Amino acid sequence: MTGYTPDEMMAVEAARRIGDGAVCFVGIGLPSVAANLARATHAPGCTLIYESGTIGAKPYRLPLSIGDGELAETADAVVSVPEMFAYWLQGGRIDVGFLGAAQIDRRGNLNSTVIGDYGTPKVRLPGAGGAPEIATCVRDVFVMLRQSPRAFVEQIDFVSSVGDNVRVVVTDLGILEPREGELTLTRLHPGANVEDARAATGWELRVAGDLGETEPPTADELAALRELQAR
Amino acid sequence: MTGYTPDEMMAVEAARRIGDGAVCFVGIGLPSVAANLARATHAPGCTLIYESGTIGAKPYRLPLSIGDGELAETADAVVSVPEMFAYWLQGGRIDVGFLGAAQIDRRGNLNSTVIGDYGTPKVRLPGAGGAPEIATCVRDVFVMLRQSPRAFVEQIDFVSSVGDNVRVVVTDLGILEPREGELTLTRLHPGANVEDARAATGWELRVAGDLGETEPPTADELAALRELQAR
Amino acid sequence: MAELTTLAEAVRELVRDGDTVAFEGFTHLIPHAAGHEAIRQAKRDLHLIRMTPDVIYDQLIGAGCARKLTFSWGGNPGVGSLHRLRDAVEHGWPRPLELDEHSHAGMAAAWAAGAANLPFGVLRGYAGTGLAERANVRWIDCPFTGERLAAVPAHRPDVGIVHAQQADRAGNVQLWGIVGVQKEVVLASARSLVTVEEVVDELEPRPGGVVIPSWVIDAVAPAPGGARPSYAHGYYDRDNDFYVRWDAIARDRETFTRWIEDNVLNAVAA
Amino acid sequence: MAELTTLAEAVRELVRDGDTVAFEGFTHLIPHAAGHEAIRQAKRDLHLIRMTPDVIYDQLIGAGCARKLTFSWGGNPGVGSLHRLRDAVEHGWPRPLELDEHSHAGMAAAWAAGAANLPFGVLRGYAGTGLAERANVRWIDCPFTGERLAAVPAHRPDVGIVHAQQADRAGNVQLWGIVGVQKEVVLASARSLVTVEEVVDELEPRPGGVVIPSWVIDAVAPAPGGARPSYAHGYYDRDNDFYVRWDAIARDRETFTRWIEDNVLNAVAA
């Protein structure tokens, strides 16, 4: 298998990191693709939770919103939103939480609130949503974010969520993991090089001494992913 | 109609005080009899809530416990116990709450906790249960309690609930209502006299200047009550 | 007891200029019809509350109904920005919009506290974030362990408006599918309106059904299709294409204004 | 993931002498079989928690399993006193019992706080009562309004034990009817056991059904009839006569001891 897109590489690589049996708090977009791919392949026992209140959702089609009716129909349980945040997220029941953002810094802090000054913003972004408490209440935070100097910045404009539990950042170029508290390039995707990654990072990017290369998506992974997206 | 028991008089008189449309927090025993009698007669639109979580229960038979299955089967909604106490009782949704006790004082404070000293009790009673918050969160507290010098005391041994919202005490002898903050005999049941009531009260019982007499149970009321209890 | 009435009548009676109003709905059963009625009746100076203000709030804001927004995520789900919200915040058009910004967990705790008649909600939240400084969050110490926790003021709006699938003729309401914060909104609000897909003779108990009794609701108004382009589980699906189309409509002030005229002001309430 | 095991095995593995244990159930689905198994295994020094300790707690206390009881109403519903509980409190037989007494509302808030991983629960409660002095209640001031509210420490028992109607083979549990605080107990406890009427191939969604996923439960054990003399909605009714008979059995130490020997110690776990 040769041809695949950066998004496919990201989804496949994130999916691989979801253990069978993991309980995942999932948003829409790439995280939902990754989690559903994991469920369709090596992790049939993982549990998908959407913050709309659906626990154990088993969507056949990839949902377009976290509130898709199919999530409720296929869920083991549907709970109210206050219960979701109090008993399940804050209750410490979630293993893996996915986050995206407009900006990330070297500590894994994320900004999804505003570009520029809060009071007189250049761009008013949608806001933090579930991120502040997902970032602190789940065991492992996975960030999925395309790498660019506008997104990977020295100083984020607003701290929407803190980076303490960020275990991995999956980008279109490679994998960043915290080493001694700083996000460090630990793997490159096939075809990417360190210069690409450095150029796409707004801070002086550290590169791991044991820098590795990501397995490209296998034929099976790609087939499963494309089948999922074609539904 | 001539023959009826003191319990029947109490149930009928309490039932009369439940308005159509009232939302009632009901316990087992006489309060449940009274509330269901009201529902079967003049107040078909009253709502019965049992603290087990059943909202709008419509039992055909008088329940033997607040957890009877028929309460759940006939309820408009069954909610969890934490929700019942937080959203419905504390939420201020209840008009009428019934309480009983082992002891009452002239302010309507009730003791259902202990006779004697708390640490070395003469009699350990079951405890306050829902009473402390029923007493403060409902609009009108109705107390149903047979009058005796052991129950109507100068000083209760323990304050399980406070009397601020007690609007009426229905006894086997008559009706006490707060007048200037003190429970005062305002009505006598047919056949009872002031001396009976005073003798059955451990404090110097005040008698209202406009002391009245309770309507005896009507034939219809008694028939409805007995039909209910015969089910 | 809830009064069974029309949407126009209910909005006229319950919503007053300057009120704090929540048109809630978390990804499902979003009360679009009620929002449109508020625009038609030219309600002004509203303080709007919603966890996830999306297209209907973009419309209310763009139509000039709102002075303030309490929220946790304001976007067009899966599509991008809310351009009318951004225009109000970034350029003050058609009027400035004050933001009172929270996290989802904080908003959820504030709704639960409001429903429970508590003045504040407690959560493990906000720590280390910029919201801790910007949001109306204070800190309390656990009186047993000394742990520091976040407190948010309870939501107690003047009016809470939600959409549900069914009411019976006595005004009892049932909703099912994703149930969000709808029950909390009704209980937390001083006045409440539930719009419904249909009025039925009897509410049939359903798995996952949430029943809200008539006696905690002020008004129930039939509004078939009243959640569109959102969806009503068991009635119709989400109109995903509309959410995509909204991006272009809302991007431009004139296009937006024309859309509101054609689709809201000159339309008639259900 | 919950392990499907036997009741004897589950109690042996999960309950240790000295543990804080809640056998919960609010007027329905009371886990009698599990309580009997704890008596058979002669568990000692337990700190028992339950809102409404009734007959099964009378038995655990009379059998000498408990050193402390956290509760809000301890009686034989509709019948009268719990004589074993009274004997322990009034005369220290078979051993003294420390009481930690609350109101229902305080206990419910403590369970909800435990499930939510908060150190305390907040309520409008206890004011003016003797419990305010006796109970483990402290006061906090709302950081927004200054109002004084009661705080109770969260329940976080070592073991939470509840009974439910059904589990599937993966250990997911469903209960229905009066659902009490069962979900909160499982979520608040460090370890949890759910006994069930039966294990089924698939849990069928039901009106009013509460599903507790397998991955928050440690052990699921079949115990058909495991709530008797309490009831299991849809399976069997409450044995009201037994509750009445219990009064005479429990009134006398010797009669009680013989009853435990005949009906618990010499009986075999389901």
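Observations on the structure shown:
Lettered A, B, C and D in written order, each chain numbered from 1.
Please note the rule applied: a contact is a pair of C-beta atoms (placed from the backbone, for glycine too) under 8 Å apart; a residue touches a chain by one contact, two chains touch by 3 or more.
Just so it is clear, the structure is predicted and the values come from calculations on it, not from any experiment.
The set of chains in contact with subunit C as well as subunit D comprises A, B. Least step count on the touch graph, subunit B to subunit C: 1.
Among the remaining chains, A is positioned farthest from subunit B, on the basis of C-alpha centroids.
Of the two chain pairs examined here, A-D and B-D, it is B-D that is joined by more C-beta pairs in contact.
Once the centre of each chain is set as its mean CA position, subunit A and subunit D turn out to be 40 Å apart.
Spacing of subunit A relative to subunit B, judged by their CA centroids, is 58 angstrom.
Put simply, the C-alpha centre of subunit A and that of subunit C have 28 angstrom between them.
Shared interface positions of subunit B, defined as residues touching 2 or more other chains, are 86, 90.
Shown for subunit D are the residues in touch with two or more other chains, namely 112, 117-118, 123-124, 183-184, 208, 210. Interfaces, counted as pairs of touching chains, are A-C, A-D, B-C, B-D, C-D. Residues of subunit D touching subunit B in their complex: 26-28, 51-52, 71-75, 77-78, 81-82, 85-86, 89-90, 101, 103-106, 108-109, 111-112, 123-131, 134, 177-181, 183-184, 208, 210, 231, 233, 237-238, 240. On the subunit D side of its complex with subunit C, the touching residues are 117-120, 122-124, 136, 138-140, 142-145, 147, 149, 151, 153, 205-209. Subunit A meets subunit D in the complex at residues 21, 23, 47, 55-56, 76-77, 86-87, 90-93.
Those residues of subunit A that touch subunit C in the complex are listed here as 28-29, 51-54, 64-69, 71-73, 78, 80-82, 84-86, 89-90, 113, 118, 121-133, 136-137, 158-162, 164.
Residues 1, 112, 115-118, 172, 183-184, 187, 210-213, 215-216 of subunit C are the ones that touch subunit B when the two sit in their complex.
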